[in-house]
Amino acid sequence: MKLFRIRGGVHVEHRKELSSEQAIVTLPLPAWLYIPLQQHIGAPAEPVVVEGDVVLKGQLLAKAGSAVSAPLHAPTSGRIAQIGDWMAPHPSGLTQRTIILESDGRDQWCEPLLPIDDPFAADAKTIAARAAECGLVGMGGAAFPTAVKLDLGTRIKLDTLVINGAECEPYLTCDDRLMRERTDEVLDGVRIMAHALGVERIVVAIETNKPQALAIMTQAVAAGGWSKITVTGIPARYPMGSERHLVHVLTGRETPARKLTADIGVVVHNVATARAVHHAVRHGRPLVARVMTVSGQAVRRPQNIEVPLGTLVAELIDHCGGLTEPPARLLSGGPMMGQPLPGRKVPVIKGTSGILALSAVELHGGPVQPCIKCGTCVSVCPCGLVPLEMASYIRKDRLDAAAKIGVQDCVGCGSCAYACPAHIPLVHYFNYAKGRLSAQEREQRKRDRIKRLAVARADRMEKIAKAKREAMAARKAAAKKPEAVAGSAQA
Amino acid sequence: MQEYVLMLVGTALVNNVVLVKFLGLCPTMGTSGKVETALGMGMATTFVMTLSSVLAWAIESALLAPFELGFLRTLTFILVIAAVVQFTEMVVRRVSQPLYQALGIFLPLITTNCAVLGVALLNVQEGHGFIQSLLYGFGSAFGFSLILIVLAGLRERVALADVPAPFAGAPISFVIAGLLSLAFMGFAGISTR
Amino acid sequence: MKAVVDLGGPFAHAPTSVRWIMIQVLGALAPAVLFDLWLFGFPAINLFLVTIASALISEALCLTIAGKPLQPAITDGSAVLTGCLLAMSIPPWAPWWIGAIGALIGIGIGKHVFGGLGQNLFNPAMVARVALLISFPVPMTLFVAPKPLGSVDAPGFLDSLAITFGWHFNLDALSAATPLGYVKTELSRGVPVVDAVNHGASALDLAIGTVAGSMGETSAVLLLAGGLFLIWRRIIPWHIPVAMLGMLLGLATLFHIVDPGRFADGSFHLLAGATMLGAFFIATDLVTSPVTRPGQLVYGAGCGALVWIIRSFAGYPEGVAFAVLLMNALTPLIDRWIRPRIYGRTRRGDPLTPKPKT
Amino acid sequence: MLTAVGSLTVLGITLGTLLGIAAKYLAVQGDALEAELEGLLPGSNCGQCGFAGCKAAAAALAAGNAQVTLCPPGGRAVAATLAAKMGHAFDAGGTAEAEPLVAFVHEGRCIGCSRCIQKCSSDGIVGAPKQIHTVLSDACHGCGKCVSECPTEGIEMMPIPVTLATWHWHKPAPQAIDTRAKAEA
């Protein structure tokens, strides 16, 4: 299969050996589960249960808030203790409306949805509806509702489905283990999705630093005799897993800015998402648990664990033998694009692909020094931006100038900050700029809305005043006329 | 032909009107804050300088020399330059309002730009013919614009640096202009004959 | 916005730092410096140490005046590197105050006026060298033939102190012209360049460095080796030296063919003067060179062309310093107009139109 | 002497006529600046700038007897765009980034007199006589006229709460040292 080259990118030490040989284990059922209502891109889910309800595993807890949203299901059987606010797994430390479920220990499944026995006969609509019903979201980290993506086939002509087994983030090995241990489930899910999208070509992309997974998947596809699926090794280079760059490497097509990869006929799905589709379609099981890697030098025994959604990070770490030292950084996701967590009493959600407790040594941190314009960040940026110039504009509060040279096109992969010899937090600058710019846009939209309201009110007041004046004038005129009328009446 | 090329390079780089002859310093400092403004000012000044040196030559040879009115030279040249600048101002105001806004006071001030008058008088002093004075006018205008744009690029970059307080603003611009003329000393000694 | 966490962004990092870069550049310079110190004996060693010391002193002075902490800045090696490059571009037996004033100008006006490391617009060492060359032409053009340590006429340690620190010691008796200077003066006396080159130092001497000149103008081979080491360590891009040497070689050979009497040939230009030092250590100063690869090619070619023009036509024999300063002045414009294409956008910046699916 | 004066007057006249002709062809319509400036202002005629509405403020700005920072609700963003349009240098540092405020009705003290509704210039308050009123934060631009109007002082200006959607990273401190974060329990 012909591969293309992407611009820039960095060679990160993948440090997957910490957990790549650990088979997937299941977490013993935790006593309390904290299920936030916002676990996906789009509107938050709306609860359908109230405090005190007793629910079974897999029962609907909250329905989708809008077209682009995903429902939530009970990760285990138990009692709804409370629907209140709990700290979200987010660096802001803000709280979030969360359903707090107290498990009764029986872990009893509810009545599963009717399995679709021959998915290849069913049309795309039913498969997309089933994915929506089961609350499936992208498990690669973006957590975009899968149903919406599966529906794309009906509206746009697609020709390729790419299964993202790149997992270019260091430390994370959950996709690798899934491909090795749950190969059939993954491949079945892949074929179902390919049928729903109506694509002829399916490419499973796996980085060459995962040889066993590559071998097992290739062998399974050959055994299955599915000619449309090709499993290919791609160079282990960060950020290979970024959607647009993976599509470029495999198909050579470049996704236009502000557009989706679907607009150039390619849809990308994560390996875990494929497995979730398999469970939803074949067994009617909603998304209630996912595999994630708990790793980092500060964790005694790094492992890959199948975790019910809503488990607290503290429980995960305790299951892995606790911490060997207070972690320098506690992250959700990989070290490159992962979000630092405000503490250990936060739940894991559908989009959490890993929990990392990194020691100071692993960070290679250092004092921030002035930028010496070495240009390394320019040569490693996969999106062809000039990070040092954007950062110096942002530092001087000239966000419009930074936006003009493309800060909105930054995908935040972190290659520049990784390679910067002066340890400048470039991605932090860009995230601040993007946040500030969108806040300014929101304020501008609000000002425009208020301008419309003010103009409308002024017109209305004007009309009312005019009407009153006319009425006054009419009444005065009428007051004069009655004598004439009275006069004529008497005559 | 080779002599004209040497004349052009000589006036633009070797004895550059700003950094070697030190003419036209105030508009250089005034409009070299941003590169767009510098580009606009450079084009406007090039147009004015070239046209004025040609007109100056015309007046010199048609009017002043035959009637020995040499003492009127500066007065008539300024009159011509003012007219050309007024015309340029109308054109710029019509063509691009933002540039007109950005240049602001410096557009009419081209009249007082000593480089423009200086080049016209130098043309007469060195007895240049029509083509020579055209090239001399254009060459020095090109040198002026080159320095303006290079200085604008440098000042825009230094605007992003944390210049210590006593040097912020004008002083650092003068340091940059000084270092730039230091670099231009490299061209000293190139014979332009 | 309050954040519980102080810093976002990636939490892994490549094992580099500014100090490590500076140390590697100094390491690449070391062989050439040691050879030259041996070549020009004790006075050169004194001058070298004085220049480095005054570079550090002026760095400390500027930092305290600016109220900045001494610690990370003073030991990041940038002051030492500037001092070393300056010492390599002034005559080896120059008096001590040349080195001291040069370091003060370089570090003070060249760097700290703009705000410290990474924010200066011109290469500090070259600012100092050009300022010295123009303000003190005599001591800056007094070169001596090489007098290796231990050779018969090499000055002893005490004599060297007199040379570097003494006032009255005049060097006229010992002075010798650099290859470039020799060719230029011969040319002005009407001797065609070809004879001057053949009569002067042979190509081998030029390469090894056993010729008169400042420390940077001698040992071309060692500087080349140091430069290739830096390229291999990916500290400097190959684009700038290749473009600069390529342009210089191209112009020199082209014009040498056209008029051998007037223009020296390519190999002479490459080996003589501070070409190697300029191409690998001065033009590639990270702070003052463009950040994009095509921009670096344009910058290098510009340096090469200017070096050739100044050497062939201008008054000063050595043009590297001026060429680098002039191209430093153009760097902001190069970075402004030569930019990488943003992924998913055309060169002008508007989004690509997806190709109609054939 | 005569030729000198004569040649100068001739020169002056010819140049004058040439310029007159050019002026006619290159005429530019009236000052479009005022209309553009008014377009930039929020247009809610709240009067906080001291002028009777945004049109008057734009006229004052164009005439030059008003500062670009004359519009408090517009905050720094409007001031920056005005400065860019007028070509004035404007350093963002001057005006402190005013925390956007929104009116908030304390239910306990609202007696439903609805005097605040008449005062609100953008219909931001909803309520009926004798009923508890409330402020639509999306329609309130914090002009604060209703606060002084309320007889029971039941309205207060409050900052807009930050949610997970509107939260974004702070600007990193210039020499932010990448120290060990406290991952407390």
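Letters A, B, C and D mark the chains in the order given here, with residues in each chain numbered from 1 onward.
By definition in this document, contacts are C-beta pairs under 8 Å (C-beta built on N, C-alpha and C of every residue); 3 or more make two chains touch, one makes a residue touch a chain.
Predicted model only: the values in this text are computed from it and were never measured.
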Maximum centroid distance from chain D, chain identifier (CA atoms): C
Winner on C-beta contact pairs when A-C is weighed against A-B: A-C
Chain C and chain D, separation of their C-alpha mean positions in angstrom: 52
Chain A and chain B: spacing of chain centres that average the CA atoms, whole Å: 58
Interchain centroid distance [CA atoms averaged], chain B/chain D, Å: 40
Residues within chain C bordering two or more other chains: 1-3, 5, 7-8, 116, 119
Junction residues of chain A - those touching two or more other chains: 91-92, 329, 340, 343, 363, 365-367, 395, 423, 425, 428, 431, 435
Two or more partner chains touched - positions in chain B: 160
Chain A residues touching chain C - in the complex, by the definition given at the top: 7, 10, 12-13, 91-93, 157, 159, 170, 244, 253-259, 263-265, 329, 331, 335-340, 342-343, 356, 358, 362-367, 369-375, 378-379, 381-386, 388-389, 405-406, 409, 414, 417-419, 421-423, 425-428, 431, 435
Chain B-facing residues of chain C, complex: 66, 109, 112-116, 119, 121-122, 127, 130-131, 134, 306, 309-310, 313-316, 319, 321-323, 325-326, 328-330, 332-333, 336
Interfacial residue positions of chain B with respect to chain D in the complex: 59, 63, 67, 69, 71-72, 75-76, 79-80, 83, 86-87, 90-91, 93-94, 97, 101-102, 104
Chain B residues within the chain A interface of the complex: 159-160
Chain D residues within the chain A interface of the complex: 42-46, 73-75, 77-78, 80, 92, 100, 121-124, 138-141, 162-164, 166-172, 174-181, 183-185
